[in-house]
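By letter and in written order, the chains are A, B, C and D; residue numbering begins at 1 in each of them.
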Amino acid sequence: MKDTLTNITESLVRFSEVDSMGIVWHGNYAKYFEDGREAFGNQFALSYLDVYHNKFFTPLVKLDFEYKSPLNYGDKMRIETTFINHEAAKIHFRYKIFNQTTGALATTGESIQVFMNLQKELIIVAPEFFVEWK
Amino acid sequence: MKDTLTNITESLVRFSEVDSMGIVWHGNYAKYFEDGREAFGNQFALSYLDVYHNKFFTPLVKLDFEYKSPLNYGDKMRIETTFINHEAAKIHFRYKIFNQTTGALATTGESIQVFMNLQKELIIVAPEFFVEWK
Amino acid sequence: MKDTLTNITESLVRFSEVDSMGIVWHGNYAKYFEDGREAFGNQFALSYLDVYHNKFFTPLVKLDFEYKSPLNYGDKMRIETTFINHEAAKIHFRYKIFNQTTGALATTGESIQVFMNLQKELIIVAPEFFVEWK
Amino acid sequence: MKDTLTNITESLVRFSEVDSMGIVWHGNYAKYFEDGREAFGNQFALSYLDVYHNKFFTPLVKLDFEYKSPLNYGDKMRIETTFINHEAAKIHFRYKIFNQTTGALATTGESIQVFMNLQKELIIVAPEFFVEWK
């Protein structure tokens, strides 16, 4: 049982991601969390495409951010993405983003995704492929 | 005392804001909330530029989203942005985004901003202009 | 025959669209041009959805920008989108974006779109609905 | 004399970069070209920060794209960024983006940047640091 699995990936702050104060615009952390989920999915075979090939979508129903310290243009970041196991038919991740340049914790957050079939109907019971994956 | 003030604004889902499922990509709601904050600020004299002219920044420290139902390309949305009053030196907003086309509640959320001076130092006591504004 | 038809629409520079120099990041003009095309399409019945309902896609094959003067956060812009008529099976637009605040010409450009059917095959002969539209 | 210098870098199409047709939205190629410029700048000491430390900005005055074939979500791309030497005080790049998954040429384009000093005045004569760099 994968109770907590963590992926670690690195990325660089793009010029187009910082705002007029020279720091990453807060909304862009949604992309960084998605980069984290994708890196997790690629490492542990739970990417969007893996899920899609099993004929499911996994839209987000909840997403939150706590901003601790800023990232600046050119900063290198480390994204830690941790899977939190639940009985229910949902995918729960926790995120920590660190500024590699300074070592500081930049942003933390969580996301919850649910399962929908290709007709976009909510699935209440965890799909077989997901139970097996766990 | 402005305990709860609400601004209502409308917007249209852009083609570039939807994902491969044809619905608004979850991260774009950070822009819609910002559109709501800006419309609120323009109506009640608390925009980024108003704040900046008083020599403060107001970075977000917390932001969260609950996704209830999707918005599609071309949908018209109504953004309701409500100011929640606090004693502390922070700006707290609640958001509700409705799909005008269907009437459905699409997304809710909250944000908390703090005050920093132009040297990017955190301000603990609510700035005079903000106390007067309230 | 609609040799040159022009739509005029207005928009406001969002905070998330400016870069660390406080001016609109150059890539965001692709969105403004798209806003122009959509406003044109809504006025003259040639929107993405109109085209899609006729079972065609119209992907861009060419897009260019000339940047004349910057737009700043909070600036109001006027987008002029002009349809240029051709015999061939393509959609050609010219764009002019003006800074409403200063009157200055900010950016000009052009785009060319072609027709694809829903199987994503290129259509060489202008579709009937488009010929009728013209 | 660096008449033509080329950097090659690789990147992955993010989920948030594709549109409702499942292909990269055309405006996102401005980011990929910027990724190319930055990778070039990092390899050859001509990044935004290098330029900024010499007290110049280099805003784009011209940018164009030709779209040859689409990139899909999950595709790996190769970005080739080539510096084209000129006598004048400008920076001219040519770009080729290939789909690594299929080998196809996806998009080509060019950009021209000029020099401004920190007062945002146009510089007509190529700055010394740039002449030395060449």
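Following the convention adopted for this analysis, contacts are C-beta pairs under 8 Å (C-beta built on N, C-alpha and C of every residue); 3 or more make two chains touch, one makes a residue touch a chain.
Please read all numbers here as calculations on a predicted model, not as lab measurements.
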Q.
Measuring between Cα centroids, what's the chain most distant from chain A?
A. C
Q) Looking at C-D and B-D, which one has the bigger number of contacting C-beta pairs? A) C-D
Q: Between chain B and chain D, tell me the centre distance in angstrom, where each centre is the average of that chain's C-alpha atoms.
A: 34
**Q.** Separation of chain C from chain D, taking each centre as the mean of its C-alpha atoms, in whole Å
**A.** 23
(Q) If a residue has to touch 2 or more other chains to count, which residues of chain B qualify? (A) 15-16, 21, 27, 30-31, 34, 73
Q: Report the residues of chain A in contact with chain C in the complex, numbered from low to high.
A: 15-16, 18-22, 25, 27, 73
Q) For the complex, which residues does chain B have touching chain C? A) 14-16, 30-31, 34-35, 38, 47-49, 73-74
Q: Using the touch rule from the top, collect the residues of chain D that touch chain C in their complex.
A: 21, 23, 26-28, 30-31, 34, 57, 59-67, 70
